[in-house]
Amino acid sequence: MAGSSFGRIFRITTWGESHGPALGCVIDGCPAGVELSEKDIQPYLDRRKPGNAAVATARKESDTAEILSGVFEGKTTGTPISVIIRNSDQHSNDYDNLKDLYRPGHADMTYDAKYGFRDHRGGGRSSGRETAARVIAGAIAVKVLKELGITVEAYTRAIGPVEADLSEYSRSAVLANATAMPDINANARALEYIADMKNKCDSCGGVMECIIKGVPAGVGDPVFDKLDALLAQAVMSIGAVKAVEIGDGIQAASSVGSRNNDQFKAGSKGQISKKSNHAGGILGGISDSSDIIVRASVKPTPSIARSQKTVNKLGENTEIEIHGRHDPVIVPRAVVVLESMCAVTILDSLLYGMGSRIDNLVSIYNK
Amino acid sequence: MAGSSFGRIFRITTWGESHGPALGCVIDGCPAGVELSEKDIQPYLDRRKPGNAAVATARKESDTAEILSGVFEGKTTGTPISVIIRNSDQHSNDYDNLKDLYRPGHADMTYDAKYGFRDHRGGGRSSGRETAARVIAGAIAVKVLKELGITVEAYTRAIGPVEADLSEYSRSAVLANATAMPDINANARALEYIADMKNKCDSCGGVMECIIKGVPAGVGDPVFDKLDALLAQAVMSIGAVKAVEIGDGIQAASSVGSRNNDQFKAGSKGQISKKSNHAGGILGGISDSSDIIVRASVKPTPSIARSQKTVNKLGENTEIEIHGRHDPVIVPRAVVVLESMCAVTILDSLLYGMGSRIDNLVSIYNK
Amino acid sequence: MAGSSFGRIFRITTWGESHGPALGCVIDGCPAGVELSEKDIQPYLDRRKPGNAAVATARKESDTAEILSGVFEGKTTGTPISVIIRNSDQHSNDYDNLKDLYRPGHADMTYDAKYGFRDHRGGGRSSGRETAARVIAGAIAVKVLKELGITVEAYTRAIGPVEADLSEYSRSAVLANATAMPDINANARALEYIADMKNKCDSCGGVMECIIKGVPAGVGDPVFDKLDALLAQAVMSIGAVKAVEIGDGIQAASSVGSRNNDQFKAGSKGQISKKSNHAGGILGGISDSSDIIVRASVKPTPSIARSQKTVNKLGENTEIEIHGRHDPVIVPRAVVVLESMCAVTILDSLLYGMGSRIDNLVSIYNK
Amino acid sequence: MAGSSFGRIFRITTWGESHGPALGCVIDGCPAGVELSEKDIQPYLDRRKPGNAAVATARKESDTAEILSGVFEGKTTGTPISVIIRNSDQHSNDYDNLKDLYRPGHADMTYDAKYGFRDHRGGGRSSGRETAARVIAGAIAVKVLKELGITVEAYTRAIGPVEADLSEYSRSAVLANATAMPDINANARALEYIADMKNKCDSCGGVMECIIKGVPAGVGDPVFDKLDALLAQAVMSIGAVKAVEIGDGIQAASSVGSRNNDQFKAGSKGQISKKSNHAGGILGGISDSSDIIVRASVKPTPSIARSQKTVNKLGENTEIEIHGRHDPVIVPRAVVVLESMCAVTILDSLLYGMGSRIDNLVSIYNK
């Protein structure tokens, strides 16, 4: 039941099936007075689109966003922003032969178990297409955060065994490379690896990472709503993500305290920084003003053209081959989704904690 | 602000500081009619207690739970269950010299940034002691789940470089071993490693894992409230956890689709199972009836007796040495916290989705 | 911030401004398997439409609902149902002269105070037009409740000084009468009164009531989420409602215990009923199986053609006359909104409490 | 299930049964830095206590509050404030003869219907005693609001047929009079009426009202979280309340627009006020800077010593006489509960909307 909303103040609700007439997002709780138009959203949707035949499905969606509410005379009004995308390129019939079969690695079986039946066309609600709606919200959150001096940038860190060289990081490379990797060499090798997978009727996964800069110390809440805990929910909720790491992540488990601790140092004006950032910008669930680092491991695309054993709706053993339009790897397109979910989470936590000190409250309300 | 509650129907709220008079948990939304007494809770609290000098602090807390509400004539009434633990062994003065210093790897600096000041005694609210309150809720959730045929078992998988041999898994070993590892050999080697760390005035981390058996297919919600997403929030909210993995976790990123997909097979009575469980029991955010597998990477204890560079409240550079009672590794005591958070999350998702099909609703309400 | 969502499991989110391109509702958490099409929704929207020139604005909205998601092959899938209404008859220019003036009794001033500016066209988000989106959700909730044997019926009880004679209650009269009153005589007198108001460039208010039948005993939660408390929120959230009563409501304050208490009686099969229903079907926040009775007092329409003193955006004293299309009374059109909010609240509470007893849980999950 | 929490940022959770060992409240999300001790809470608890034999039960509870967390060195830390009251004067045996009987007007029957059984001692969780926990939260909210220049004052407006003369309003009279009425004459007449009821083994109800001064314009959220809607939930959730009114309330239904509209006027410094306050300080769900007025109608105490028809747990017809310690009217003791719920609601809405404008956000975060 429910489950399609995220956030406590900056609250987003997505809706829509892969092959329904449309999908969209309602963003409630966006501050008023932010300049916003479809032009702010489109570049983010474009990054999610299957642009490069080498790495992505041939499905052609124009993915044109239309803002239906919450913006007046070019500015957000503080009321719900409803944005809709009409689906255009629906090859629903491609899925007719899969109607009664449970695709391994997909949610077909579990949706039937939960709801009794499902919209089988392209995965319905469980399709990666749902994330287009998240990207809409992300584009808006990124815009608000930018006004506060906060930037959110994600990229591909690895595709299968090919790892990016982060010392060569370039934002323009991330945006230009078909793999969304930040260096050109790794991008080239990854493309080869992907091509090889495709030839073998197989698929691969990878790792993506997001760096959030400029978050002041003090954002996030203790205990269950820790900033890293909410980021973990946000990022794990992206389909195909199987692991979420903060800072050094799993490497921290084999480190030692003297190395893993980030020692503090004072700047000339008394500001506090850290000599290292193993923690990934969060201590005790609250931002410490250094870069926030979030990493996600993505499983290989489950749709492959090889024959696989499965079961049909009647509970009979059978086999399945999945043809049609499928990405051999989804990481390059998922990078902007990671960026979006991180932006939404950071903005929501920032808004949520604004009244955490009575002295600040008094200075705001008694002026 | 806020942040101390978790769950939508089975909703827990923890409170209390490390060196305050008491700490506790309010569990709202527990089904009525469950037999419950302090005897059900105590064994879980005892597992969290520092029992073994080799691996844990010498702090002696009796950690005796007292149920103050929600139970009548030995059964839960459906109303909030309030459970309290009085703190007994408070060496608050141990912390006086740390009062104005920011301990590296701790939340001292971020709490001050957020709230303007903090209860510095033993970390106050950010102390690992808060998790005693979670364990109370976990013990209750485990008891309810058991009535539904669901078991939740966590254990230590690795301490620093020492990995457990899971082929030797034994629940009694987990409960008996000081490291909460499931095999005796690894336990012995891990204890040596921990002793070595202690001698070096250093600390170490590790990996813990939880297996949930018996969850029927269909538990969990799509999109943001996916079962794995909520587990990720629940587990990342445990202090010192830096990574959460489901099933194969980060290994999935370097696998290929043909290997990572779990193929389905039908049983003789039409029931559906999987030939493997790389997914860790969750597909599309919904349980698939196989074991749910959750793994957490824990950073080394930040409190170490070595000298570290830091900053004081006035923003001046200084050094710090942390003496007193500290675990050289927290994993063995955190295992029951992992188990608790998983149990709470599973029960909440199960209760939340009960009305997901109209045919079930009709059969329940129109009988 | 936020505020446009209601419900915990059956959760609705409305969006859209009076004179924007469209408005709509996302209904998340609707049980799967319910037959649903636009035909189920349209009659409810039609009841909210200004149909009768005597009582309503001359604005002509076709108010055609389009379902964009959550329904497949004629049945709800359990995923978010997104329904949209395109706005067609927008006389935005009617409002240009009101742009910088604060209409008395409207939210113009308070929206500016909160958000810094506002969509002034027809009240923007604060317009009664927002309730069209609620009616969509209500139509769906009513349909689900009907399958469970629960009916929800609202009607006009009074218009200004004219009170309906409930002993003559007829559902068809409610649906046929321009005032939504249940008896013909009162309807005629109320229409005269409304015409008189209109001639005087004035407006009037009234009282509406909703009766919910068939709710089994045991629906609702203790303390803050009492069924009557949630109904109070739901109904008070309808613009222009200034009072909410349950059962005898304000009359209870001047009654005495021996008269106000509803004594119990047993049926031949052991079922329990009450000899009276002063309580309005709810005891301690939980349904008692008798009719649930909710009453709302509605203020006179604030838009009147008379001259009124007011202030402009610059803080200068001035006068205002509001011409254009305005209902002299909104009660007849608000009745279906009351019905909708009651249906949504009852369904949400029913779903929320399904797991309140362990014996029921065991029988459902261990079968 | 659940239901014992209220608020989104300033979030309170109450627990405890009438005759259990203790009851309490956890207040999460209180701003840090507020001076707080038990001395701030006790006067509010004392106002709720049965002080005057004429109007209240003879139960003697010392109702001593103990703060267990969230306060350090005399100031709130921003973490959960847990406050507990030990129950002392439990005459549980008084209730043994009512164990299997359903008291008319009480929640006995509905709790059994929902949960299968109940703590029958003194109403258990459904007892008015639960409101002592709300008063704790209210005392804290009032203290925070006072720092922001906001005051919250409630009083008795009517007892049965006796109405207070508000032109004689005196806060000290409210606090001194046994009825919590603001004028001495009405207090005297009300006491006579109550004595008469007691002699007749009957009980009575009344009306209470709360005035909140100093709330700046702009507090509250549109649509479902309107300030008046949340106040309605908060106030209707107080046991025995059967109606909630804002401003003119039910009188608005029989008024006309030209009279009911509050016309605006500008002050010399451009500040906007209203020439009247029929709206009760809220327009479109958002505060307009005039006094917020909330009124609640309270039913007669259901416990009366007269014989009433009822049913027992076996579903058999029988009779019941309720002896023991019962208030002939609960209004005087409920006034501080009304005040508390209003204070909590206002503070929560104020904190929730702090980030509603980007210009404010930028000035706070980019300084």
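Letters A, B, C and D mark the chains as written, and numbering starts fresh at 1 in each.
We take it that contacts are C-beta pairs under 8 Å (C-beta built on N, C-alpha and C of every residue); 3 or more make two chains touch, one makes a residue touch a chain.
No experiment lies behind these values; they were computed from the predicted model shown.
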Looking at Cα centroids only, farthest away from chain D lies chain A
Higher number of C-beta pairs in contact (A-B or B-C) found for A-B
Whole-angstrom distance, CA centroid of chain B to CA centroid of chain D, is 37
Per the C-alpha centroid definition, the whole-Å distance linking chain A and chain B comes out as 26
So, in whole Å, the Cα centroid of chain B is separated from that of chain C by 44
Each of the following residues of chain C touches two or more other chains, namely 1-5, 8-9, 14, 31-33, 78-79, 114-116, 125, 216, 222, 351-352, 355-357, 359
Note: in the complex, chain C contacts chain D through residues 1-6, 14, 102, 104-107, 109-111, 113-116, 125-126, 130, 158, 160-161, 197, 201-207, 216-226, 228-237, 239, 242-250, 252-258, 260-266, 270-272, 275, 278-280, 282-289, 297-304, 306, 308-311, 314-317, 352-353, 355-357, 359
Contacts from chain B onto chain D in the complex sit at residues 1-5, 8-11, 13-17, 20-24, 26, 28-29, 31-33, 68-70, 72, 75, 77-82, 84, 114-119, 124-125, 351
Chain A partner, complex, touching residues on chain D are 8-9, 31-34, 76, 78-79, 144, 147-149, 216, 222, 350-352, 354-362, 364-366
